[in-house]
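You will see two complexes here that share subunit A, one where it goes with subunit B and one where it goes with subunit C.
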Partner chain A sequence: MKRLQLARDVLDQQLIDRYECNAGKVDGIGLELRDGEPPRVAFLDMGSDVLARRLSPRLERWLQALRKLIGRKTPEPYRVEWSKVVKIANAVTIDIDSDRDAPNHVEHWLAEHLIGRIPGASREKKKKEPEQHNQ
Partner chain B sequence: MKNVLKIALGILTSIGGFLDAGAIATSSEAGARYGFRLLWSLAFGTLCVVFLVEMAGRLAAVSNHTVADAMRERFGWRFFVFPLTAELIVDLFVIASEIGGVCLALQFVTGIAFRWWAFPVALLIWLFIWSGSFSFVEDSTAILGLVTIVFVVAVVKLHPDYHAIGAGFIPSMPPKDAPSYWFLAVSIIGAVISPYLLYFYSSGAVEDKWTEKDLNVNRGVSVIGMGFGSLVAMAVLVVAAQTLLPAGIGSDRYEQTPLMLSMVLGKTGFYLFAASVGIACFGAAVEASLSVAYLTAQSFGWTWGEDLPPKDDARFAMVYTVFPILAAAVTFSGIDPLKLTLFSMALTVVILPILLLPMIVLMNDEKFLKSHRNGWLSNAVGVVVVVVAIVLSVVAIPLELIGG
Partner chain C sequence: MIVNLELLLGRKVLDVNGEKAGRVFDVRCEQQGKEAIVREWVLAAGSHRTRSVSDVVQFLLLQLRARTETAKVRVVPWDKLDLRDPRNPRLTCRIDELPAE
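Showing the complex of A and B:
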């Protein structure tokens, strides 16, 4: 069995979804504490709140206060169940559709309201290369 | 043949990352004030950057991780947030300096004051990144950048004393005002080792899908690409030493810098000077803006890629849209572009250790580099670079106050 170190091999790794799209980073790891049994890994944590909390709990409170100030709801923390993890190698592959499931509202909002409205935003920049042959 | 084409990436990187506002400003000032005496500083900086760029490319080719990805993964968010923040701040000033360089070139040619060009130039930078693919950005800047060879031509025409040039490669004590001599030596090294170059280069290698098979290309690119940039920067220094120094013109006033080529090549020299500065700074601005987008996207795991339609990586596109505008606002504020450039070089030097030390640790990590970890030579150079970077970052600010 290969040994896995959570902090070295999972935390802060790139997340890849089932369509091989980038789905964020593993910003945190959640453990479940159980009575009379050893704790076990329950989920991967994602999002700006988690990142802020890792620097300092005060920063997280400030971030939430700032959100309140501009009238935004604090989003539910985004969690990926540990059972959705498919592969841990060069990146962590998870069985979700990041386009729909991941905390992607900023990306969607920008794509729809700002970046997507600039001419040329959807244009293919590069012709699809034919499959490469190994020489 | 394909390998030859791949070296284009290196030439772009050298023009954009090596020959930029900082390198041109510090080299010409060094030549105008101290003759060939500071060539050693340029040579030392080149040696460092050749090794660092090779490491960034090797990391990307072997591990398929960019420098930013690997740093966050290896050292964790709580450490990574510091180099990330520092780099973003420095990049803002670096891009502002590069935009300032392009604006000055336009001022030389049109007579319209530089600050009015700031936003149009930012728009052009954005348009370039927005519409071009990675290879378009790479190749067009590389081809246009060839105009900077004019400095090498000028050196040949000036028939300098090549023995005296050779002597400049041996560090010597300054003849007078030591603090400004050392400040300039520090600034040159800061100008040559641009951290954004490492983020950019490793991202480019991932965009181009480098693998272990490309390690030889990577080595060639680092040496030839950086060597080309360095050669031109040295030519700038020599030309300044041969023209501005005897005429008693300091290059601390930007209005006078075009004289260094017009004294050799007449009116054509004047235009070629403007074109060289404009293109080199434009290439650097494009590269640095793209580098900021890479760095941010990779720090948070967003989708990124210069070859994707912007709508498919909207956050990445947003960063390279917003950053040049912010930088243009700094340029537009009217700060003397030359002072701004020297300031951002000093700032770069201050943050160097926090990037370079983890980089060297990373390059010895088997998890990322497998059997291609640093050898003794790379590590020896790496340790020297880190020690020098720490010393420089401590002395940069006091030296700027005394000698800048």
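Showing the complex of A and C:
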């Protein structure tokens, strides 16, 4: 039975997907309170809005106002169920494909329009077979 | 009910008599199979009382204090913290009933 300290071991840690690619950072953690039972960790949150809310509620409002101004909807925070967490060490390894599942719009846009045009840049991801991690 | 840990960190906790017990500093869990179950809330006494700095800075200050000074760290069993109002967490016991760590 592994003991964890959530703020120290999980919050703000790097997320790594099943192909050992960076998948963002843990910006938030959801705890589910249950009647008569200890709370459990429900999910990990990622996204600019989660981070903005954490830094300051005012910053979150500014970000939402800016989105409204340029005619974009506020995206839902990307959530990873705790059951998808396979290993917690220096980074948090999760069993998802970040390219397919995580909404890295800015990263994808930059890769396609900027980084991908640099001579020699290749966006081919080396898809390794996911390792079996023991908790 | 879902509580966001990142918004809970740094919140001032009062005991059942309204005495200050510290601020939420960390959460201790046990991994059981695919689930992580909260066992204890960790409170650290901080001297800063304003919310003029962001929660992140406040949390970092708490971390620093707990590591460098003799800041009192108190461990609260999971069932002794009332989180029905996550903005104003309260102990369901007196502060002197909690062991200092």
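As a convention for this text, the second predicted complex is superposed on the first by the 115 of 135 C-alpha atoms of A that agree within 3 Å, B and C clash if a C-alpha of one lies under 4 Å from a C-alpha of the other, contacts with A are read in each partner's own complex, and residues count from 1 in each chain.
Basically, a contact is a pair of C-beta atoms (placed from the backbone, for glycine too) under 8 Å apart; a residue touches a chain by one contact, two chains touch by 3 or more.
Just so it is clear, the model here is predicted, and its values are computed rather than measured.
Visitor: Check whether A:30 is in contact with subunit B, with subunit C, with both or with neither, and answer first, second, both or neither.
Guide: Once the two structures are laid over each other on A, A:30 reaches subunit C alone.
Visitor: Touching A:118, do we find subunit B (first), subunit C (second), both, or neither?
Guide: Only subunit B is touched by A:118; subunit C is not.
Visitor: Quick one: classify A:7 as touching subunit B (first), subunit C (second), both or neither.
Guide: Touch partners of A:7: subunit B and subunit C.
Visitor: With both complexes superposed on chain A, which partner does A:39 reach: first (subunit B), second (subunit C), both or neither?
Guide: second
Visitor: One more residue to check, A:54. First (subunit B), second (subunit C), both or neither?
Guide: A:54: touches subunit B and subunit C.
Visitor: Using the superposition described at the top, list the residues of subunit A that contact subunit B and also contact subunit C.
Guide: 7-8, 11, 27, 54-55
Visitor: Across the complex, what residues on subunit C touch subunit A?
Guide: 1-9, 25-32, 34-39, 42, 54-56, 59, 78-79, 83
Visitor: Using the touch definition from the top, list the residues of subunit B that touch subunit A in their complex.
Guide: Interface residues on subunit B, with respect to subunit A: 63-65, 69, 72-73, 76-78, 80-81, 130-136, 299-304, 306-312, 314-315, 317-318, 321, 367.
Visitor: Help me check something: in the complex, which residues belonging to subunit A touch subunit C?
Guide: It comes out as residues 1-8, 11, 27-33, 38-42, 45, 50, 53-56, 82-83, 135.
Visitor: Please output the residues of subunit A touching subunit B within their complex, sorted ascending.
Guide: Its residues touching subunit B are 7-8, 11-15, 21-25, 27, 51, 54-55, 90, 106-108, 110-111, 114-116, 118, 120-126.
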